[in-house]
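Take a look at the structures below.
Each of the next two complexes has chain A plus one other chain: chain B in the first, chain C in the second.
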Partner chain A sequence: MAKSKLFTMNEDRSLYPELDVNGKPIVDLTSHKYVKIWQGPQHPGVTGNMSLELTISGDEIVESKTHVGYLHRAFEKLLERRLFVQCMPTSIRLCVAEPDTNEYVISNAIEELGNIEVPEMAQWLRMLSLEMARLQVLLRQVPGQAGTFALGLGYQWGSYIRDLILDSFEELTGGRVYHMYIIPGGVRGLLPDGFKARLLEKLKLIDEFIPKIDKLIFNNVVFESRARGLAYIPKEWVDEYGIYGPASRGSGVSRDVRKTNPYLKYDQLDFEPFVTTEGDVYARTEVRRADLIMTVDLIRQILDKMPEKGDIKAETPNVLHWKIPKGETYSKCESSRGEYGMYFVTDGSAMPRRVNLKGPSYTHANALLDKLLINANIADTAAIMVSLATCPPEIER
Partner chain B sequence: MQKGINNLIEKFGASDLEVRRPGLSFITVENTKAVAAITHLKDIDGYTILSLITAVDWIEDGIMQLTYLLNNPEEIAEIGLRVMLERKEEAGESMETIHHLWPNAKKWQQELKEMFGIDFPTSPGLNDPFILEGWDAAPPYRRDFDTNKYAEETFFPRPGRETHDPAEHMKKNMYPNNPSDYTNKKYNPNR
Partner chain C sequence: MDLKKLLTPFTAWGNITKDPVTIKDPFNERPGADRYRGFHKNDIDQCIGCGTCEVICENEAIDLVPVSDSKDGDSGLRPMIDYGRCCWCALCVDICTTNSLSLSNEYTWVSTDPEDFRFVPGVDKKDWDNNEKGWKKPDNYEFYSLKRVHMDELSPEERSDSFIEMMKGYSKEQAQQEADRCVQCGICTATCPAHMGIPEYIKAIRNDDLEEGLRILYDTNPLPEICGRICTHKCETVCSMGHKGDPISIRWLKRYIADQNPSEKYKEILEVENLQPKGKKVAIIGSGPSGLSAAHYLALMGYEVKIFEKLEAAGGMMRYGIPEYRLPYDQIDKDIDYILSLGVEIQYNVTIGKDITLDQLGKDYDAVFSGTGLHLGRSTGIPGSDNKHVYASPDLLRWIVEGKEFEVPESVVVIGGGNVAMDITRSMARLQMVKYGKVQVIATALETEENLPADLEEVVEGREEACIINAGWAPVEIEIKDGVPTGLHVVKCNSLFDSEGRFNPQTDPNVKEFWPGTMIIESIGQGMDLSYISEEFKTKLEFGPRGRVQTDEYFQTGVEWFFMGGDIIEGPDVIHGIANGHKAAVGIDIMLNPEKN
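And now, the complex of A and B:
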């Protein structure tokens, strides 16, 4: 593989705006040197409903500002007016792409503050549902990265297999996108008859899918020449900007909650998250490709190691009258985008006092994206956003 | 005990320690010592990641709680640092900024200003709209913000959104000439 070229700024700054004392470019639009354009909120190259206010010099971005607010439904405020069990259908809508992580973090927070012990069988089933959710995200995300460079075919292949995984979700939970399978105390049901065998058959399709996308994407000269060296994240930024998941592992910093703070039964699984040091869009795509393979392996391990039967839900108080003592906690798990956490405060009443969601996009799509886009070519904007897997509902909540 | 907790207690007079689980503790520090304590945690004790800043409105106690969640990736430990500010009737509580420690802190501070009305003087772009562009009412995440009242005052009721009592509605529409017929029908749930 070709060696990554390092991200370099254009040395000749004469075409760029001067900076004011705060480091902000002084842009005089009447000078005809710069053009201000909006990418989003409805744009195929934007992940979800957000927009970027871009100032362009030629075809190069000199300033970027993320605008959110198009999706704000005050979820955190709504949750303060809901019984704990009523929080579930609201909280899953905090992230459409991977709602299961919301189910887990909120259920885990309620259980921790309400002193509920989750049965072992339910923990395995939770883990299966979380890994299946990660799988369906990565099946679109890995080839989707190439889609931002106009290589859309892999995305279509991935979407087909993703649909088969959604079929499995429908079989297991009754829902394709929003599952509400993980509930406070446990999960809603056992595996249907024959579910394991059917899921294992579908996983074989992914084994065949990987060499195909290798040929189509990773060995493609267009993808490689455009993704290598693009949006380079130095290792030092990982802590400074609070970078998580594949974005940090693409820059040589191994961060995975499943390893650092093993929850559920992850300590009984054999896995090692892939880390590379290149730090560019290509590296982040490679990390996600490795994650895809690892997720398939984890699902196989879970299906192999999980008990055949057992309790799936702990006894909980009557959900209509469930009051949880005053307390606070931070519940977290590893989503496909990185650490996904929820700060949860109770005050002894039947409703949460405060819920604050912390998704990786909060930092990835704001401070980090604004910085990475400077000096990038406007045609690479979508690729940079997708490489960070920004999810606007995590920002607005 | 988790790394950094002793220092917080001895050097910064922190109190109300609550160990939630191994690797996650919450502790309260005075607002005048908070930024020094956070700097110490970051530079000396290895809490190099700012996971979040958020607020909890304890309106009945007259307290606005700020929570800074800091993460130490080497020790695999997190500290939730609580800072209790005196709650003001009309918003405008003030706290020192920490954007000089983490560049992404300014976004949380901007959000807290917008949603809770907490001021962080000198934080860049603090008063720029973040999520609520064109918002001129009180900060909406405070407990005393009346969502229903705001919606009624701000938005026009749309036709077709009125609600009906089912029994009255059926009487009126199915038996307009003789509403008493309704009471004799077997499908009347109130019979």
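And now, the complex of A and C:
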């Protein structure tokens, strides 16, 4: 097994630029030793419209700077001009890959400040939709990590099953990508007839999918030799940088809001998030593989334990005039990328006073990525980035 | 190098023999799921054009546009959707007040003309109009409360022997909760004869700005305490909220605003301190709703107004025709005293046509408005109806108000099923309860139970007070013994109108009943008394159907200075009178100030 590679100042740096007093490389482009290239904002290896300004020496990256702003649509500001219920269609666009977490955190904030008790049934259904959302993300992300090393086959297999999960979303919520299912007060529908059986049937496909990707990816000498030791995150960095989710669990720190601050009905489910200490791209992929298996298990538990019937929505004031007293809250949940939260302020009017989204991508894609890319081979840029699962729309709210 | 790990990935080649899983679109049709949020559909007969869908749409994808067909309680508009903006969130479907709007599960639509994608669902016919599947508002899921906030009332025991007001009024919490249900569509405003700013004053309640609420009320209605209690609330019959749940309690909310504002502050709140006199005089005959309304708006415009009232107190039918348990006198006084405080003069006990002629009024004043109302009781004309113990309801109701002594018998029969019949039935029941400790009043109506003209609550409450209300019987004869009635013979009445819709009751003489009663009260409608208008004067007026004088839109008659309104022209009800009086005031102002136009 290859040793994890940690960038240290002690290495021979004769090829590299000198560092200034702040530890920043002094790059003289006229020296012909360095080239600046841009990866993104339309690079297929970039997880969305984001751009990396890379300074390379040979094929090694000596400096990286993340540039965002290509996707900025002022969502947080727009939400200040929306009635609470009108925030929903906008909020789901804050993170396209996993819109349900937005639906949840914003509804939860509104309910908390507006003093609304969500019915039991709706809580189970919310949990189901959140886990289904995680599932469809991981079905692409786990094999997608191999895709960044040009092994696209697993990604195709995962996409197929993901499409079937999106079919289930379509049945449950009426939408494939933007579900608009969780709404302040509850959810927008019970399980359709036969939904449970159909979903359970699809989960079996994932049981078969795991050994297949194990063979294809995790028992693959190419994947292993490229991913092991790559972009190592030492355990201390987890707190230093504010690293969440699989990225923190890959470095030996167990962080999962579902465990630390159980919300909805997570305290009634039996699960233990996977933790490993290797800290590299391989470890993070392993964590996500374990998450995928755990998500399937959680969905089975939810379908088994949830009540058959019940109210789907609490009575709220008329949504057209719903004013929420002055207050503030931080509402969070565990997304596939880690803790996903929203700071929400109300001022007694019918619209939010301030909304501030806090997702893991902000730190992961800026401070952390800048650091991890130094010394990396340019061919590994996409792999490193994907291993952090950054979501640019979430950065550019 | 681990050889196994070099070879294992190649097991994926095993897939070569498997079938592909992709769907060959567009060659294989793939229908959307049953709940899919596809293209819009609108059941155009159900939709009332309330515009609530337009308000909720955060993308501003909806515009309400006029359509040719519309019905009662309908704005005549329908939502047009712009698919350049829509995000298919279906909030519009969820909030739709009539459940007319839905989404089909259709999701492909090809057109070369971008304009096509702005369309009026239901009006612009689409292939998916009959598609049953797609998104509908989920069950047990609402964006507002469908249930009306109940107003506390006296129990039947508490009220059966008293004329104390039955409905207790809303508390602030109750009023705000009820006001919260309104979607502010304004469908009610169009139906209200006075076109009151209903959504606006309901909003004022939500904002707890009751002074603003009062100002809005007085823009169109100077009798809010009265209307807030006894208005026929046509607005509520069309209220958007009534399609899926209970209509908003518009009438009670109006009462709440008026109740909460003390009369001493009215002038300050309504900003009427310095009225500029115009130097012109207007006479008003009758102090009923139309006369008072005209007087109010004329006084605000600076006219010198004098009301001539035949009876001892002002208010007309509102005071003399509506029992105190529905409309307490102090509330009538609150509204009227405020109007009088604007400088309106009133002379009581003066009968036009007797004490002073109409022509004389016309000479003394720049304009005259007459709102003399319907005070004559109608008779069935059946055998026995000419007996002196057979009464007309307006007379009895007036006597009760005036405190006139009359014999309250142990058993009473009321002929009639309208609100006035219920008023006299329930009033007699109270008087009997006081005198005998028990009730025996039978009201008998031609109409069947479902078609009773009285408000349902009147019937229900009357029955709670032990009144017997028998629907579907036609009176045939009042039996008289020794000069006193003993009761009423009735036969079953099966239908009221013939196939052409003409009034033609069909009775079955074989099914008969006898309702005992030593007092019979006829309450089958009221007529007008125009005897104050001389025959010569009448020749200058034009008469239309049912003996009503024809007026123009400002209630001006054929005689330029003579305006008429209220029950003798329209209605009968208070709110039409108020609306007529207001319009006539505007008409009089136009007539007296031709230079302004």
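Assume the second predicted complex is superposed on the first by the 387 of 397 C-alpha atoms of A that agree within 3 Å, B and C clash if a C-alpha of one lies under 4 Å from a C-alpha of the other, contacts with A are read in each partner's own complex, and residues count from 1 in each chain.
The working rule: a residue touches a chain if its C-beta (ideal position, glycine included) is under 8 Å from a C-beta of that chain, and two chains touch if they have at least 3 such contacts.
Since the structure is predicted, the reported quantities are computational estimates derived from the model, not experimental observations.
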item: Touching partner for A:312 - first (chain B), second (chain C), both, neither; value: second
item: Chain B or chain C, by number of chain A residues touched; value: C
item: First (chain B), second (chain C), both or neither touched by A:56; value: neither
item: Touching partner for A:350 - first (chain B), second (chain C), both, neither; value: neither
item: Partner chain(s) touched by A:378 [first = chain B, second = chain C, both, neither]; value: neither
item: First, second, both or neither for A:72, with chain B first and chain C second; value: first
item: Which superposed partner A:224 touches (first chain B, second chain C, both, neither); value: second
item: Residues of chain A contacting chain B in one complex and chain C in the other; value: none
item: Contact footprint of chain A on chain B as seen in their complex; value: 18, 20-21, 23-24, 26, 48-52, 54-57, 67, 69, 73, 76, 78, 80, 102-104, 106-107, 124, 129-133, 140-141, 147
item: Chain A residues touching chain C - in the complex, by the definition given at the top; value: 82-83, 85-86, 88-90, 151, 153, 160, 167, 170-175, 178, 180, 186, 188-190, 192, 212, 215-217, 219-222, 224, 311-313, 315-321
item: Touch list for chain A against partner chain B, complex; value: 22, 68-69, 72, 74, 76-77, 112, 239-242, 255, 260-261, 327-330, 339, 341, 343, 345, 353-354, 356, 358, 362-363, 366-368, 395-396
item: Parts of chain C lying in touch with chain A, wherever the complex brings them together; value: 1-2, 4-6, 8-9, 11-12, 21, 32-37, 52, 55-56, 58-59, 87-91, 94-95, 103, 135, 138, 140-145, 180-184, 206
